[in-house]
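In the two assemblies presented below, chain A is common to both, partnered first by chain B and then by chain C.
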Partner chain A sequence: MSKIGWKENRGVYTFLRPEERTKNKTRWKENVVAYTFLGPALLLLSMFLVIPSIMSVYYSFTDYYLLTPDMRKFVGLDNFINLFQDPIFLKSLVNTLEFVVWVIPLQIGAALGLALLLNKQRKANTFFKVAYFSPVVMSLVVISVLWLYLLNPNEGIINNVLTYFGISAQPFLTSPKQAIFTIVVVSAWQGAGFQMLIFLAGLQNIPGDVYEAAQLDGINKWQRFMYITLPLLKPTSIFIFITTLIGAFKLLVQPMVMTQGGPVNSTMTVVYYIYQTGFTDRMVGYASSIALLFGTIIGLVTITQRKLVKEDED
Partner chain B sequence: MKKWLLVSISLLLMFAAVGCSKSESVNSDGKKTITMWVHISDENEEGKVYKKRVEAFNKKYAPDNIKAKIEFIPRSGNGGGYEDKVNAALTTSTLPDVITLDGPNTAAYAKSGVIAPLDEYVKDQEDLLPSIKQQGTYKDKLYAIGVSESSVGIYYNKRMLQEAGVDLNTLPTVDNPWTWDQFLALCKTLKDKYDKPAIDMQLQSKDEMLTYALTPFVWSADGDIISKDGKKAEGVFNKKPTVEALTFIQTMLKEGYTTRTPVKQAFETEKYPMKISGVWTVTDMKTNYQKVDYGVIPYPVSPKTKKLVSPSGSWQFAMTQTSENKEWAAKLVDWMTNKDSNVELSRTIAALPVRYSSEKVMAKEFSDQMNVFLKQLKETGHARPVTPAYPQVTRAFQQTIDDISFYDQNKDIQKVLDTHAKEMQSAIDKAN
Partner chain C sequence: MRRKFGPLTILEYICLVLLAVLFIFPLFWMVASSMKPEAEIYNDMSNIKAFLPSFHPSDWFVSYKQVLLRFHLLGYIGNSLFYGLCVAVGSIIINGMAGYAFAKLNFSGKKVLFGLLLAILIVPFETILISQFTIIHSIGLVDTRLAVILPALAGAFNIYLFRNFFMAIPKEIIESAKLDGANTWQVFWRIMLPMSKPAVATVGTLAFIGSWNDYIWPLMVLTDKSKFPIQVAITAINSTDPVYTNQVMAVLTISTVPLIIIYIVAQRYILEGIGGSGTGIK
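On to the complex of A and B.
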């Protein structure tokens, strides 16, 4: 009984005023409730994200072979040394960067263009929104198979149209030079609808009086876009840029379904190579080291990007 | 509140306990259970045969208190699904007594101690076809027995060949195969007549089919992919015979006799007169393209050696190292691949038998086309390379074909071979 009103703090009891006591009690209660709600999510997150990530960091320093999980040993930096001498890995890295460099302007540009059009257009607005957004909700595998048919060198509709207009049929996915660009276009087409919706929301958040004020100053349409719309869309653009970038780095399904990384490894991406070394070749340790290195690269790019944007703001 | 907590905790513990315990090998009724995983669906014709054969096994060995249990875990395209489950079971040591595995996986599974040798239990190995033994053997021990056999040949459209002026009676047979030059001449006749590729060589498939269908050309020239002991690719693959074989394939492409981008189902819809394909196309023709009158001829051979070689190999049964009833597990493997199982499967789907005894029965029942495959297999079947690094080796081979098919960019076949032999070698060195 003598301890009532005392709060234990590292073995030292300090006196608390009664109102503080109840405050602490409710806070504790609130915490319990909060953690109970958080619990399941935290549990799943740690089971499927945190723990596997830590494990794969560990595996990247071992020679883990898929069929002999118990016999793995620590091999230090061996995997990473091999990685830099692996021509297919280096090729996949170049391919992925090439894809990112091309798809980002194309996809974001298309999304912004569509958003601007839809923002003005009032007629059948919902129809167009659904039309442009529908590829986003479709499975990537379905999209890829669909384009495989469209791009087929013999019977594909695209080549038939081309030859009708007197342009020679293109090899698209079967040429080492064109394949990655074909995948860029397909990916941009598939993904742009999502960014379009976010741009649209961003556009609708720009207050109308800014435009009115500008109109009084007599600016033309181009100035209006350059000096009002674009700057005010900046927060939206930054978000879109970062998410699209990370998404682009993770390219996997399109080359897996459409080209199997070929021809001549021209569409082999890093994530696809991770899958191949890990699950086909069974070199889990090696695959983990690629994942770790690639994760670090994406992290660095994102951080640099954030820094640049911040400096820009200052 | 407390009661509720107690109940839920005890429930949780119960599930945990159930989850951890390995499936017991002895049932409550005193019966020993042998579990088996297979890679196909129980709705599939092949799956139905397995099910029937397991039931027969149980009936026969009921007095011994043995019960086999079959679990169907369908695989997807590249073996995913089923193989994922096997891999997961490996990390938790919950493999069943018997598993199925694809032919080229034998070495990796045997080397890793996933599967156990059968020699001690399966005595009658003389009856097995050589290609089946070759496929299931690693370091002189038999680890797995094929479910069925398979082969590849050249399908031709009888009408289209006749209309091009080819006398069907002069076509090659297994005893008297054609050389590559003779085959090129046939292709020229057909190309001149139809102004289309003469044959679909499945060069567009970027998967195992490429290895399966095209390695025989290398073997026919007396070359190899890797050395017999499985240790060397450099100095084996990048040798003259491989160059000769690939030059033949490149010539086929250059002359327009075949193509990297064939029209879909071109042979089946009578657009191209020929196609390289496996026995499974017989079933496809029977069910979907009955109107096409077709025949099958064996592989053309190297003009230097005149040696006919054909591909072989399929999925197989094997028992796991962790099985607690090895004797019975091996008996089940033997049973699933014995004469009766074999004949039943061959009758149901277009699969070739794995034993001499069943082959004798089927030779009388098979169509002419199937018999070409059977004879070719029995006399010339060659298993794919046996190495734990098979996934990398086969991919390097597929990439070699991919590379040389761009003949204007890769005129120097030797250089392409050197690159990919090096890839194979480094994978082999890592795996051994």
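On to the complex of A and C.
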């Protein structure tokens, strides 16, 4: 940093000529103005994002208990060692991965299918679009509570419909085997309409003459889809894949409202476990170590995908 | 009909309609169940009447009256509106100002800060909830409305969005305004913001929806029921005995109405903001 009015040259300060002084003065003024504009955002971002992130890393090596912050001490890698012996954490990790692996193909596939069905001139399209999009408008809490009633094993409407068609009633959220998959279906149902609209925008960006040229070459519908539509839809697909994947990793509200992580921890997710250990049980240190581990995983996934997208563009 | 319907077209329509039913039936059941007596909900469960409101119009709004009497529902909706509007207006101003600095002002450390901003985009918010809470705890904001609003204001993505919009505004317009004696602050308010209405609308709408739908954060920082936003109130109501299905469905319906209005009014901006071109998110 140079002092105002002075110019540093290899440690020697020389007095500046007047025009240089005004130049420096305007530069200083510019900085004051710019940082005034940046100020509120910088302050809030540091307070609620940067500092908590750094604190979280530090806490993860301590035994910080929320109610006795002064008694916290450095415990090295203890939290991480305990973490890998904690059956609930390991279960939450498996559940989260299971959720991700199921929901990604289901939700993105549904969205793409709906978009392809709607990518045609039709008078009723607006009606169908609104219908498919309607679950997106409802909040996660609302859809979670609503489906809790719809999926009630004894008197829910879903089981009534199933028995009407001769299928035996299912336990859904009350079964350790079915609960996470039920949440997968509800989540895909809620989110697909949104990605459908993004896919539709992508589809409509494909110029019509590409298809016309292909038609002259005499390719069939399936080839048209495989060799023209899909490749041209790649940027849209990658964007949707990344955002859906990151969103899926953070699954929290649905299990929290619908199952409270149960039955027998079968719907406990990593983010929910961070909340439980850190907030409900007040073990901030332990929760932070989960947060650090999991945040690193999500961060790495994000960075890798951005790199892949960039390479793809070059 | 001039055009002949082939078997494929009919098949397409059957698909479209079946899928529409699949996506929309929970909504119909929610609204229908809120408009009938509790006993009717369970009597109708096995037939099509499950998706129709009561055949006696006088029964339609009974459950609404009951929940409004039992719970301070309008207060919760009012809280949510208050948080949503504060976050929307605050986001526009705070992120707009920062976006302006990145787009049009020169300052030292710009490159470093911008790099940091892009890095922040990667931080998964949900994983630092606990340390965010310790901050709120240590500055004594637990159980205040500020605790709900403050952390939601500044966002790296919104700063980035504003910056991209402002970059496109030609320098000449700013220069000529400065020649007329406008200072940087006036340029921001009278030129930058008015010329970026789509960005303002996008950030405002998304911030409002995000705040309206937020559940976990207000649940953590608030203990006083009178400050609860509607989302937290819903789960509280759903676990307050006696629980009546028609009343819960009435609460769900009421809480969804503001969102429906927003999606209808601002649909263009919502899609542009997240998936569309112009924002340049990759």
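Of note:
The definition used in the following text is that the second predicted complex is superposed on the first by the 259 of 314 C-alpha atoms of A that agree within 3 Å, B and C clash if a C-alpha of one lies under 4 Å from a C-alpha of the other, contacts with A are read in each partner's own complex, and residues count from 1 in each chain.
Keep this in mind: a contact is a pair of C-beta atoms (placed from the backbone, for glycine too) under 8 Å apart; a residue touches a chain by one contact, two chains touch by 3 or more.
Everything numeric here is computed off the predicted structure, so don't read it as measured data.
Once the two structures are overlaid, the count of chain A residues touched is higher for C than for its counterpart among chain B and chain C. Contacts of A:211 after superposition: neither chain B nor chain C is touched. Contact with chain B, but none with chain C, is seen for A:153 once the two complexes are overlaid on the shared chain.
In the superposition on chain A, A:241 makes contact with neither chain B nor chain C.
In the superposition on chain A, contact of A:66 is made with both chain B and chain C. Looking at the shared chain after the overlay, A:80 reaches neither chain B nor chain C.
Of the two partner chains, chain B is the only one that A:263 touches; chain C does not reach it. When the two complexes are overlaid on their common chain A, residue A:181 makes contact with neither chain B nor chain C.
With both structures placed on the common chain, the touch criterion links A:299 to chain C but leaves chain B unconnected. Once the two complexes are overlaid on chain A, the chain A residues touched by chain B in the first and by chain C in the second are 66, 69, 155, 279. Residues of chain A that touch chain B in their complex: 65-69, 152-155, 171, 174, 176, 259-265, 279-283.
Here chain A touches chain C in the complex through residues 27, 30-31, 33-35, 37-38, 40-42, 44-45, 47-53, 55-56, 59, 66, 69, 114, 117-118, 124, 127-128, 131-132, 134-135, 137-143, 145-147, 149-150, 155, 157, 160, 164, 189, 193-194, 197-198, 201, 239-240, 243, 246, 249-250, 252-253, 256-257, 271, 274-275, 278-279, 284, 287-288, 290-292, 294-295, 298-299, 302-303, 306, 309-310, 313, going by the rule given at the top.
Here chain B touches chain A in the complex through residues 78, 80, 84, 87, 90-91, 108-109, 112-114, 204, 206-207, 260-264, 391-392, 395, 399, 402-403, 406, 427, 430, going by the rule given at the top. Only residues 12, 15-16, 19-20, 22-24, 26-27, 29-30, 33, 42, 45-46, 50, 93-95, 97-98, 100-101, 105-108, 110, 113, 116, 120, 122-135, 137-138, 150-151, 153-154, 156, 159, 184, 188, 212-213, 215-216, 220, 231, 234-235, 238, 245, 248-249, 252, 255-256, 259-260, 263, 271, 274-276, 281-282 of chain C touch chain A when the two sit together in their complex.
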